[in-house]
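You will see chain A twice below: alongside chain B first, and alongside chain C after that.
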Partner chain A sequence: MEKIGILIETKDDVIKKTNFGMISQVRGQTRGLCALVMNAKGSLYQEQLQAYGIEKIIDIATGEGPLQWNPVAWAGAIISAMNQFGINTLCGLTSALGKDLLPRIAARLDAPLVMDCMEIDLVRHTAKKSQFSGKTVATIKVSGHHYVFGMRPNAAEAAPQPCESELIAYHVPAESPDLAVRQIKQDAAQGIDLTEADVIISGGRGMENAENFDILFECAQVIGAAVGASRAAVDAGWVPHTMQVGQTGATVNPKVYIACGISGSVQHFAGMKTSGLIVAVNTDPEAGIVKNCDYYMVADLFDVIPVLTDRLKAAVEDN
Partner chain B sequence: MRTYLILKPILVALGIIAGFGYFFIRSRRLVHLMCRAPGPKNIPCDRLFERFKVFFTEILLQTRVREKFLPGLAHIMIFFGFIIVLPHTIELMVAGIFPGFGFVNIVPGIYGTYAVIADIIAFLTLVGLAYGLFRRTIIRPAYLTDGPDSRLILLFTAVIILSFFSYNAFRVVLHQALLQGFKGYYVLSYPLSQLLRLESLGRGNLILGLEISFWIHISAILFFLVYIPGSKHLHILAAIPNIILGPLEIPKPMVKSDLEDEEIESFGLGKVNQLTWQNILNLYACTECGRCEEKCPADLTGKPLSPKRIIMDLKADLLCQSAEKPDAIEPIVRNGAPITEDVIWSCTTCRACESICPIHIQHLDVILEMRKNLVLMESRFPRELQETFANLEHQFNPWGFSAETRADWCDGLEVPLMTDHPEADILYFVGCAGAFDERGKKVSRATVNLLRKAGIDFAILGPEERCTGDSARRAGNEYIAQMLIESNVATFNRYKPAKILTGCPHCYNIIKNEYPQFGAAFEVVHHAEFFSELISAGRLKIDAAMEKIVTLHDSCYLGRWNGLYNAPRSILDAIAGVQHNEMERIGGNGLCCGAGGSRMFMEEKIGKRINIERIEEALATGAQIVAAVCPFCNAMLSDGVVECGSSVAVMDIAEILDAVT
Partner chain C sequence: MKIYVCVKHVPDSAARITIVAKNQIAEDITFLLNPYDENAVEEAVRLKEQTGNSEIIAVTLGKQSALNTLQAALAMGADRAILVKTDNRPDSIMTARALKAAIELDGKPDIIFTGKESIDGEGMQTMFRLAAAMGLPVATNAVAFALAQDHAAVESDLEAGVRQELEIPLPCVIGTGKGLNTPRYPTFMDIRNSKKKEIRQIDMDDLGIEAPPSSMEVLELEPSVEQRQPKEIKGTPLEMVRQLIEVLRQEAKVI
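Presenting the complex of A and B:
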């Protein structure tokens, strides 16, 4: 009998939306889905998690409080919880955290590991993942006593399926002797992670300065979009490098990409060409982006974006 | 006195044995390091006439040294001065052991001529040395390494020359009888003796002066000899062989690593014991003049790379770890070592350092091999290259566009494919930028227009074309590079084109100079060269004028890597109305745009942007059009123009030509 544990990722004490897609995808294949929560705030999430069919929430913490981030200690704690509760299959996200954590766990359990899965079949132990820049899909079958899968963020749609859940506190030792985390530094990126966003609004040289990016942030906030930037805007120091989309920045594939004041050099286009729908707003009808988008508007972004924000706000309120 | 006369030959002999013996031991270690080096063992002794020509122009005429006029002149004075006092020094050494020996007795006629020349040139050496000291203490160029080592060398040389004069001055007075006929030949030493009124000294004092001069001269020479192998002045021994045995042509391929050989445990250059003997000779030959550093676009814009420092640091590392067993040798890039990953990845491979180096040091040979080692053995490279590598591997272009869409740029132009028209006169190799970049596509279309206007029978490969592998190879990924190269080589060999036309200097360089390593040697021409020939042949008629001020940006891979500077200029000159204003740094001296060596696909996080530095120079010419011959230069310069808030047009030479034909 397979017992599935799902590693829940949170940010600022909020469950990342993409976890629910993962839960929805693996749910129904087996009973008794466990969620592993790492910040001692299981009770906070209980309602949300049971809405998606989680039956057991294992709240991993030390006696004193949450276990501080440390990939070695976390991996140890998760393995210990898996052993304690008889979990033999672990699913997590192929996020920055997942990429650090899941391979460690797999290595220590001597378990097969498949990362970046689009679909996981927990009964047959197969996972589908895209290969060759999305040209083919591989179905990978694994076998072992334990299994570890990393799910590609946003690969599955979230669908609620409420049930009753049980909250279990599980205590682990605080220290890891092997590795100490001294400092975690993060650039001052705002909002949603670019690589996980459904909609991205990006600004380029046409933004003119850092303050004008607020127009984009405001618009993005209404529809839960992420804000990106071209290299020119990053170079000018208006926004941090973490927001850069392109060959030397993030490669993104949102459903909708709105490029504002971006000329669309090949280097930028390379980073967002797989977007579902590309919309460009540019005053220059000759800009490269115009040839590579689905819709374009020859207009000043400072006229267009505030109107778009208003319309979106109205539409959200109507709903 | 008598005791001294008996002891002197013994002391001199002992001194010479000790000096030369110690020199021999120290040099033997240096030679040993070269002998045990891996890689090709052969010493190039082919093409003797050409090597003699290099000896003549670079060593006797010091052509590259003279590119800096005053320091060059000073170097010539010191170089020839040092050589000219050598016979005299040998004479003194022999005479020290066998009193009474003198060339003057053997070949009086020649000796007279020698004395005149030696006296004059030795004096000029002092002038050269004085300038050297002036340069180091007053001018102090930032690129010049100054320190006790270089000061000591100036001091040694000065002492050797001064003691040469004082010895001759005392001798000419003392041995009046013997040298009676010769005092006229000591054109400077004799007047010096008169100026100092040496004749008024007693004979005893004169002998004392002569002997002191003798000992100072001999000691300085012997100390210098011992000092050379451990100092940067090893240059005087290694520079000449380095020049003569170095590459004779401008174009040179990167080293082809045999990836199939299962015996090989390491690729590229990771440790100093992996340097080849020619690399090591390069290190020995460097005299730290800093001309490479002065020209390096990376150093110029505040990056941590200086070609000179790389050479100095490698030399220090080599000597420091020379006694270690192979297993105990530490990697070049290690904690606390001066050569860091940032240093290695800062290089644009523009080759300005090699072009300026007066003694032909091949900096790129080590830098590119170090990259190869980092990528293939350590998997350490700038994060952003990951995407480029993956795209090259999967879609055969750096941006990851679908390989199937490679010919989409010419939709509607009805450009024939090689599969349909294999006997075409010209295979037009479009390149990734020409096929996928909106800016590059415009250049490709202009090229097609021009080919049609000239009535050229051509075809493209379309989806059969793949990246040439330049970006991967220069970024150290020999594996992906060879994969791409081999596939293109197979395609070329299937069609056996009469001539390959490229729009990108990077494609041009690698197909021309590196594809022969993989079994494809075809005639390759860049469009600037090709169109310039078509104009001369009258096949392309320029029928409109262009009233514009144009400046031309030289591409490194066309220019410094292949010596092609004139073709694009001759096109500009052929267009009526064009006012061609040159930038300050042009030709072999041109400044890179910052994209070479796969830097196009890396972030430029440190220092000033190279493209800004270059575009500022271009804008200063008052140009309305900046002409480029490379899609990467075009992209970098276009970015620079916008960043500088200018509206100057950056156009490829093909686009300019298309507009007037």
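Presenting the complex of A and C:
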């Protein structure tokens, strides 16, 4: 029987909500599901984690307190906990953090790793993930002594299944990492992670300039949406590359993706095609995005989005 | 410095993918240098320009056709190249071992660059496996890179709006992100001169790589479901917005 550990990602002492979808997906396939938390604050998360069927919470820390962020030290600590508790399968999110940690862990264990999984089957040891710019879905068979999977955020719905959980503090031995974290820089401008968002409003060439993105930010703010961009908008220098959705940017999976003035190239679709609903606002009825979305408006985004912002404010107030 | 750049020959992202033999693709399409590896080559060339006395060696694993991708790296400024030839499709566990063997056979790296992922397999892991095999430190998704005395300073994103600055002793492996630089377009002369550069070919079987304890195998490829059924929302902006809000409320349940 596989023993599974789920690496929980938190931000400002709150569990990122995409963790719950990941837990829900894995839960049915195993017993004695463990969660690994990394900031010595397991008690803060216990109630929420047991509501989703986590039976054991392994709270990883040093003897002195939280283990300071260092990708090498964290990877070592997670491996140490896996060994200590007999965990042979690790699941985490394919977030920026997960992309730094999970491959480190897999490489050190010489274990197979599938990143950005849409589905995993822990009995057959297979995972499904997109390949070739999202044009195909690959079923990958893994074999080894350990297994590591990076789950695509939002790939599965979160469904509660309460149980009782046990909280275990695990103190890891100190390790000297082979690289140092000099600084963590917070960028004040943008808060909501594209991969975490339920709704993304993206702008493309039709935005015309950098300033006009404020129209999207204003609208997004009302409902806690994230703002994305097409490569055209990034290459034009209107917004930073961190906002790019698509082949060479972020792969996102929101419930709703609203594309404003985006033509919808193959490369853009590669990053957002698995979105729940795709809504296109475009003046060109022949645009690729209009041909392959769920709803479209042949309209000028500058006419529509400010009205949307306005009506959303009213709708949110009514709630 | 000896700068190695690991590159991959991948299908053009705009190419139509046809699945054959259940788990492979038809290869009669345009292949090119993996876009993230372009950033890796570019950074290597910039580092060479900055340090002077350096050599850049592009390394790839693949079929004979991968020579085209090495040629592209040479045109961008790599000095010579190595093709580890195989007609198989090795997973990244095997690939990392082969790259290590080929690099060690060739020389002693001061730094190894490679793209943060390939756009075909999208595995996101080969640089970590290469680093682990060689016992070197590694960072990925570098969006800023600077060389100091005996280490590299690398910045990478941890999440939206949060960036870490890492100090990594040399030699090391760096996975390059898109935001790191803008890859140069080779000129006609660059392309012509690159044809004179050396490409060494090694048979993967001659590297004597032991079978690894683990593996990843693509059992099946299926085409993604592509087509949605677009419905038009019509009316004045206000009418359209009202309908959209109903969709967001009733169908998507996000407000």
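Note that the second predicted complex is superposed on the first by the 196 of 319 C-alpha atoms of A that agree within 3 Å, B and C clash if a C-alpha of one lies under 4 Å from a C-alpha of the other, contacts with A are read in each partner's own complex, and residues count from 1 in each chain.
One rule holds in what follows: a residue touches a chain if its C-beta (ideal position, glycine included) is under 8 Å from a C-beta of that chain, and two chains touch if they have at least 3 such contacts.
All values derive from a computational prediction rather than experimental measurement.
In the superposed pair of complexes, A:267 makes contact with chain B and with chain C alike. More chain A residues lie in contact with C than with the other chain of the pair chain B and chain C.
In the overlay built on the shared chain, the residue A:138 is in contact with chain C alone; chain B does not reach it. By the touch criterion stated above, A:169 is placed in contact with neither chain B nor chain C. When the two complexes are overlaid on their common chain A, residue A:185 makes contact with chain C while staying clear of chain B. Judged by the touch definition given at the top, the superposed model places A:129 against chain C, while chain B stays out of reach.
With both structures placed on the common chain, the touch criterion links A:248 to chain B and to chain C. Shared-chain residue A:291: touches chain B and chain C both. Judged by the touch definition given at the top, the superposed model places A:205 against chain B, while chain C stays out of reach.
Comparing which residues of chain A touch chain B with which touch chain C, the overlap comprises 132-133, 135, 241, 247-249, 265-267, 270, 273, 291-292. Residues 132-133, 135, 205, 232, 235, 241, 247-249, 251, 263-267, 269-271, 273, 288, 291-292 of chain A are the ones that touch chain B when the two sit in their complex. Those residues of chain A whose C-beta lies close enough to touch chain C in the complex are 11, 69, 71-72, 94-97, 99-100, 103-104, 106-108, 110-116, 126, 129-146, 150, 178-194, 196, 198-199, 223, 226, 240-242, 244, 247-249, 255-256, 265-267, 270, 273, 276-280, 290-299, 303-304, 307-308, 311-312, 315-316, 319.
Within the complex formed with chain A, the chain B residues making contact are 384, 387-388, 390-391, 394-395, 398-402, 433, 436-440, 601-603, 609, 635, 639, 642-643. Across the complex, chain C meets chain A through its residues 11, 13-14, 17, 19, 23, 25, 35-36, 91, 93, 96, 116, 119-125, 127-129, 131-132, 136-141, 143, 153, 155-169, 172, 177-179, 212-224, 226-234, 237-238, 240-242, 244-245, 247-249, 251-255.
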